[in-house]
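Consider the two complexes below, in which subunit A is the common component and subunit B and subunit C are the respective partners.
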Partner chain A sequence: MNIETQHHDNDSAGLVLSGRFDAFETDAFRATIDPLLASESTAKVRVTMADVNFIDSSGLAELVRSMKRAREAGGDIELHNPSDPVRVILELTRLDLAFTITSAE
Partner chain B sequence: MTTADPPFDALTSVTGALVDANDRLLELITLTGTASTSLDEGELLDTLIEPTIALLHLDGCRLSAKIERTWGTPPTVDLESTAHQWKSNRNVADESIEMVVWRTADPFGTADAKLLEAIANLAGNAIGMARMHAEGLAQAAIGQEHAAAAKLASAALPDPLIPPTVPHATIWAAARPARTTGGDLFVWAELDNQLWFAVGDVSGKGLPAAVLMTVCTTSIETAIQRHGEQGPVAVLDSVTRSTHRRLSDAGMFLTIALGRFCPTTRTVEMANHGHSPIVFRQAHEVRRISATAPPIGVLVDARAELESFVVQPHDLLVIATDGLTEQIDAAGNLFGESHFDALVASLELSDADHVGTSILATVDTHRGTTAQSDDQTLMVIGFHCERTRPLLIDATNQGVRALGPWLSEHLAILANGRFESRLGEIELAVHEIAMNIVDHALADAPSSRFALTLTVDDDELVAEFRDRGSAFGVAPSRPDPEHPQVGGYGLMIVEQLASRIERSRIDDLNISRLWFSSQGSIPAASGRKEAHDA
Partner chain C sequence: MTAPTSSSTYRSWADTPNTGPIAWSVVIPTYNESERVVPTIGAIAAHLSSLGSPWELIVADDGSTDDTVEVLNALGLANLQVLVAEQNGGKGSAVRRGVLAAQGDVILFADADQSTPIEQFASLLSCIEGGADVAIGSRAAAGAHVSNKSMARKVFSKGLNLLVRFGFGVHHADTQCGFKMFTTTAGRQLFQRQLIDQFSFDLEILYLAKKFGMRVDEVPVEWIDAPGSTVDPAKVAVEFLKDMAVIRWNDLRGRYRRDNR
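So, the complex of A and B:
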């Protein structure tokens, strides 16, 4: 999986994921998103997932962990433009009701 | 001059006799107690005879059984037929035992004789007990040798957990030896993309049957390699040539059914020398494949006829040995030939391993607590549609990544595009089960591998995992969207994507199967989203 970090102008940051998000990638994802979640200047992290072609329950668990951590700090993560494989797994687990999901304007 | 006092003398005499009798009683109690603490014949007799000599002030004692032993000193004069010698004869375990004691100081009285009779009985029992113990030890040693021989003999058979793989057929076999070694055998092999199989039974029991079983097994395997091209009859002709004399000289014979399955023509060809039962099931109708020649070892020029038939998906071929059909229950009732056929006809299964384990379980239920009376060998071949060769997956997070490309490639070939629209969902479900195996069954064996095969049967795809990890079960969690948990979503996902999930364990093998319907694709993501919004 490729992870690209973006810094926005206001109090938000962004990650753009592409490729395969499975158990083999969770360490790299965590190493990238945790510093953003720990930063006091970042209230929201947008995770763009339009080009994620596969995600499994391990990748999903990593998104849930990040979301809970962000909300505990008063922030949130936003799943932006989830690809079909991401939408499928979110809906199968009813986690589409728990995440903030946004689409391209 | 002092005169004798008769009453006092009598009292002294009686008291002395009582003290003497009491001493004897105490020594006798000691004697009987010590005699039972050893199981060695020599020690046992020493602990019995030596106190006896002291107790009765004997000069000596001689015991004549298989060997003769003497305690004390031999008589210096001939005491035969005098009251100074006492003799007793008895039979113990078909053996004559003579006990002779002698005492020159005093002749033996009636009380002595009764006591000696009791001691002779004790000696006889001691010898009998020691002999039984020694015989038990010898039997145990023989039993251990038989167990070792049975283990060696079973090593000649193929590993039941590694069946050969060919398209359109799955083979399963189990061999359950009885308490003593026997002559059941099975053979399987893949040769030139054809499945070869055989089940046989060397007559008799024990080591001779086991030794000839290994000879026959080797002969069959060699004959398949050398004469397989000419078909099953030629293979069994070769087996006859190489084993007839040895079997005949030993007064034994081999019943054997041998065949091959050609996946290209979906044809089974079989030859049967006196073997039963062989049941072929098609659409829940069963028929027997009968013998066309006597067992090997009876007639040197006997030749079987070839039986050939075309198979369809879901057909079954079941070959057993008579140890299954002749298994008795507590009341002595046989499991029976017709019961066996009815069981094969009635099973709502066509997977070879499920059919096999179900048949064995049914026979075991019939047997109850009764001992297994004979070797039991069972082979099941299930016929089906297309099946892939196994993909061997390294039990690591990275290893599981081999699944995606392999599924994509093989489903395209196997199913001719029928599952194309579900490829992503199938990959996700199969991936989740693979990760369960890595994380749970093989968590302690990261350098091991596990296997995945795909079978397509009409509009149904079956993904089957086999691993030799620990037994495991993971219950699907039911996450609450209001309070989402971090993990545990894997089986919840699989349950919604697969039409059926099944897990079983055979010996040390975990088998996980997922069924997918080509028609069962879940609605498009956007459609589901609308449903949730509504």
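So, the complex of A and C:
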């Protein structure tokens, strides 16, 4: 999986993911998102998943961990433009009800 | 804000049972796969629904002792059939039950871990549409792309393949990839005669396909090793050797004759 970091306005940052988000990728994801979540200036992290073709249970668990950490700090992570397979996987696991999911404006 | 949950083609597949002819059946064998199978179903459902032909999904559970069956039934998918076994009978027995229950014109058997991404479906289907009876995904054919496979598994696979080629006369570069497609006719002929219930059932199926003069196309695929594999190479190697002898013995005794079932 490829992970690209983007900086948005004052209180938000973004990650753009592409490829397969599975157990082999969780360490790299955590190493990238945790510093953003730890930053006092970042309230929200947008994770763009338009080009993620598969996410397994380890990837889902990592997203949930990140979401909890962000919310504990008063922020959130937002799943942006998930691909069709990711959308369906979120729906089947009921995680679509837990995450903030946004589409392209 | 919550965005729409999925495309309309997936929604229709998820909510409305098939009533007419079914083009494709996908068979997934499971054994204690409650964590891994749902994302795989999601990926398969999203992809195949987008292709526009009627299809069904059959999960053939093999006597799971975790909550795999409960998890599957709770999905509430209109075109998902869950086959339950009272006891663990082996992956080969699960795939056989799934293939023999399938109603599609074409049957794909795919492992529960999405190690061969469903996007490879079209490559195998084009072989079937071009006249093949069987199309097999291959991690060893020229053009295949394999990721994260451990050295132990590479050596194990290579060793098995040499045994199969020189000891068995089945000349495919990869007999064990969990991504194989059959015409309904070929699938029924093969799986009605399949006697091996364990890991080496793939080998028996390919041995039978050769014996029956079927056209088998080997298709290079992308394959990503999925963490959490339950395959024990040493144990499987011993079983594989034993089953090669069993298959030969079954053949000598005439147990694979076409008029036998």
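Here is the rule we use: the second predicted complex is superposed on the first by the 105 of 105 C-alpha atoms of A that agree within 3 Å, B and C clash if a C-alpha of one lies under 4 Å from a C-alpha of the other, contacts with A are read in each partner's own complex, and residues count from 1 in each chain.
Keep in mind that, in the parts below, a contact is a pair of C-beta atoms (placed from the backbone, for glycine too) under 8 Å apart; a residue touches a chain by one contact, two chains touch by 3 or more.
This one's a predicted model, so the numbers in the text were calculated from it and none came from an experiment.
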{"item": "Joint occupancy of subunit A by subunit B and subunit C, clash or fit", "value": "clash"}
{"item": "Partner chain in contact with A:V45 - subunit B first, subunit C second, else both or neither", "value": "neither"}
{"item": "First, second, both or neither for A:M1, with subunit B first and subunit C second", "value": "neither"}
{"item": "First, second, both or neither for A:V64, with subunit B first and subunit C second", "value": "first"}
{"item": "Contacts of A:L36 with subunit B and subunit C, given as first, second, both or neither", "value": "neither"}
{"item": "Subunit B versus subunit C as contact partner of A:V16, first or second or both or neither", "value": "neither"}
{"item": "First (subunit B), second (subunit C), both or neither touched by A:L95", "value": "first"}
{"item": "Partner chain in contact with A:S103 - subunit B first, subunit C second, else both or neither", "value": "second"}
{"item": "Touching partner for A:D56 - first (subunit B), second (subunit C), both, neither", "value": "both"}
{"item": "Common ground on subunit A, meaning residues reached by subunit C in one complex and by subunit B in the other", "value": "20, 22-24, 54, 56-58, 60, 84-85, 87-89, 91-93, 96-97"}
{"item": "Subunit A contact footprint on subunit C (complex, rising order)", "value": "1-7, 10, 35-36, 38-39, 41-43, 45-47, 50, 75, 113-114, 117, 119, 148, 224, 226-228"}
{"item": "In the complex with subunit B, residue positions of subunit A that touch it", "value": "20, 22-24, 54, 56-58, 60-61, 64-65, 67-68, 84-85, 87-89, 91-98"}
{"item": "List of subunit B residues in touch with subunit A within their complex", "value": "397-398, 400-401, 404, 424-425, 427-428, 431-432, 435, 479, 481-482, 484-490, 492-493, 496-497, 522, 524-526, 528-529, 532"}
{"item": "Touching residues (chain side subunit A, partner subunit C) in the complex", "value": "20, 22-24, 53-58, 60, 82-85, 87-89, 91-93, 96-97, 100-103"}
